[in-house]
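Just so it is clear, A, B, C and D label the chains in written order, and each chain counts residues from 1 on its own.
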Amino acid sequence: MTVKVAVIYYSSYGATHAMAERLAETAEKQGAEVRLRHVRETAPAEVYEGQEAWKAHLDEIADRPVASPDDIAWADVVVVGSPTRFGQVTSQLQGFIDTLGPYWSEGKLADKVYTAFTSTQTKHGGQETTLISLITLFAHLGGIVVAPGYTDPLKFADGNPYGASKVTGESSELDDTDRDALDHLVTRAIGVAEKLSA
Amino acid sequence: MTVKVAVIYYSSYGATHAMAERLAETAEKQGAEVRLRHVRETAPAEVYEGQEAWKAHLDEIADRPVASPDDIAWADVVVVGSPTRFGQVTSQLQGFIDTLGPYWSEGKLADKVYTAFTSTQTKHGGQETTLISLITLFAHLGGIVVAPGYTDPLKFADGNPYGASKVTGESSELDDTDRDALDHLVTRAIGVAEKLSA
Amino acid sequence: MTVKVAVIYYSSYGATHAMAERLAETAEKQGAEVRLRHVRETAPAEVYEGQEAWKAHLDEIADRPVASPDDIAWADVVVVGSPTRFGQVTSQLQGFIDTLGPYWSEGKLADKVYTAFTSTQTKHGGQETTLISLITLFAHLGGIVVAPGYTDPLKFADGNPYGASKVTGESSELDDTDRDALDHLVTRAIGVAEKLSA
Amino acid sequence: MTVKVAVIYYSSYGATHAMAERLAETAEKQGAEVRLRHVRETAPAEVYEGQEAWKAHLDEIADRPVASPDDIAWADVVVVGSPTRFGQVTSQLQGFIDTLGPYWSEGKLADKVYTAFTSTQTKHGGQETTLISLITLFAHLGGIVVAPGYTDPLKFADGNPYGASKVTGESSELDDTDRDALDHLVTRAIGVAEKLSA
């Protein structure tokens, strides 16, 4: 069967967006049907208008489809990503999460494969806590959480067992270690979903 | 000296609001100068318009002052509260947190006493994780975190060492156990702040 | 196929042991092959000798088999439980976890279904944090984490989406809500394991 | 007044020990009275006998004083450290924590300044979660948690707002970034304790 993958994320300046795009491309190469969906920007226009890189990213994604709870209901695999804000997900991603109540209470979000990714400015300021927050969310949803652990030697390079992560303070461009970790994350999740729906 | 207390919170239906008001009243009785501040609603109007209790609460607080990062910079004690959304704070509170960057990078939010409160619908669905999320935030801010622990016998009644919490699924009205825990939380925080600025 | 379930736990006074036994019984009723294994006591004899209930429980389980990493390697479903000690698992359970290194590095613990249970003295002093700690462990192991969420109406009674939990301060005997939550936890985990190995 | 600092830690191979020694030296240079205390080894002899570096470290500290709950009761500042084991503290440190019950229930551990440090093999496999576990413990104890945040520019080098941490997989020797972070951690904690007891 064809696995359906929803990559749902928020990005202000593009690093998390680049991670999401990589996840989507890799999932497609695996033969999955993919929905790549950013969440709605909720910051007031006067905030992002004053920040060139943020504004540029919003322009770049302006015509792309926005995430809805239905994208999770549709999917077999849900990959959720957000930069950190003080160890937690952004308010924009949380804004989307806050709308899940009706679908959640009808059981439409349970029993799917969930996994997470993040990016942080500093080395150890949310690389783990943000992912654990997302795993906490997945538990509430009744998800089947497929964290990467160290199930492949490449995980000892990126070093994060809870999901895929990037320290943007080092560089905002994806490097080989980032790509390997992202590819592993989504490939593993798809593999579990395939088994589950066999 | 007079301790300055900022109670910063979000509430949809009024339970967290009632907790915040109790904290503010008790702080004032202790001789503190208090700013009681809710954060800006960020949900689209079409969402809350359809929910009577939510709309009624928004009307109730319409003329009250809204939280700004300056309220934290001003305070000696910062008490932060939010209902849970799947184990995390609401997007509305996170929306406020997301605006703290400039003050944070100038060091204006550090070295203050911080403590947290929450309310959840279910018994063990965020009573602890939401408070740990807020404590994680406080660590990022360089705060001095004064969790209640079991530093008073009354804490064995409400039973939450990480902050003050209420299970709204049992009743949305504050009862004696709730009030005791809230009073203890803010009184203890004020006591530490007094010592710190002696 | 027959699902293999390892229930691995520590108990000082018997409440977590009662939870573990219920899990094992229910798993057997589902047709699973079950290993019920407590971890080795590591407290010095002079500590537990002085505590009658603790000593009595040690006597009770003296002839039962002790957990080894091989029990995890053998299993399809691993259910791990511990009382809380200040929001974390007991040193006894952690002592067992600390021996997993060699099996972990050979990949023998990955890709299994993991889920957790706990008991605490106080209402909100580790009911969630202990389970999140165990889920964090499962992520390190490359496990497939099957938390219960609210995937059945009975979860709104016990109220814990992260696993099964009991407040022993209320009563150390299992009641119907406890049994329902435990049954749901292990039945759901077995169901996922069956699909995975179909 | 002279601030009393207890540095309580576990180390298998010496990296966390080196961190603890640095903390103790810096605290002494600040004029503090210091107790540097490792916790009792609880692994069976047959385990560590087979590992040369572990055995060598045990020999090195054989004549040094072992931590007791009284060291916390005595102190104004308590700095707790452990390597990670799958995102949690070692069973040896947890073994010590498990003995705190009697002192905790008498309130002897509350109202002290607490802060934490850790070391991990991998880059993002416990650098944050282990520290959050320790902060969770501190909340249970009714401690005053003084995490470093980013209260000094040097914290943007080591990058961990929750405490001091070292990735031993990169090198087990302390480097300047490690020493700076450790010095900052304990100096800041002493500063808060001085204010609290003025």
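Miscellaneous remarks
By our rule, a residue touches a chain if its C-beta (ideal position, glycine included) is under 8 Å from a C-beta of that chain, and two chains touch if they have at least 3 such contacts.
By chain, with names taken from UniProt: A, B, C, D = NAD(P)H-dependent oxidoreductase.
Please read all numbers here as calculations on a predicted model, not as lab measurements.
In terms of C-beta pairs in contact, C-D outnumbers the other of B-C and C-D. For B-D, the matching interface among the pairs A-C, A-B or A-D, defined by over half of the contact pairs being the same residue numbers, is A-C. Separating the CA-averaged centres of chain C and chain D is a span of 29 Å.
Measuring from the averaged C-alpha position of chain B to that of chain C gives a distance of 34 Å. Shown for chain D are the residues in touch with two or more other chains, namely 87, 104, 125-126, 129, 132, 136, 139-141, 150, 161-162.
Chain contact topology: the protein chains form a complete graph, every chain touching every other one. Interface residues of chain A, counted against chain B in their complex, comprise 42-43, 47, 85-92, 94-95, 97-100, 104, 125-126, 129, 133, 136-137, 139-141. On the side of chain C, the complex with chain A involves touching residues 104, 107, 110-111, 132, 135-136, 138-151, 161-162, 192, 195-198.
Within the complex formed with chain B, the chain C residues making contact are 87, 122-129, 132, 150, 156, 158-162, 165, 167, 169.
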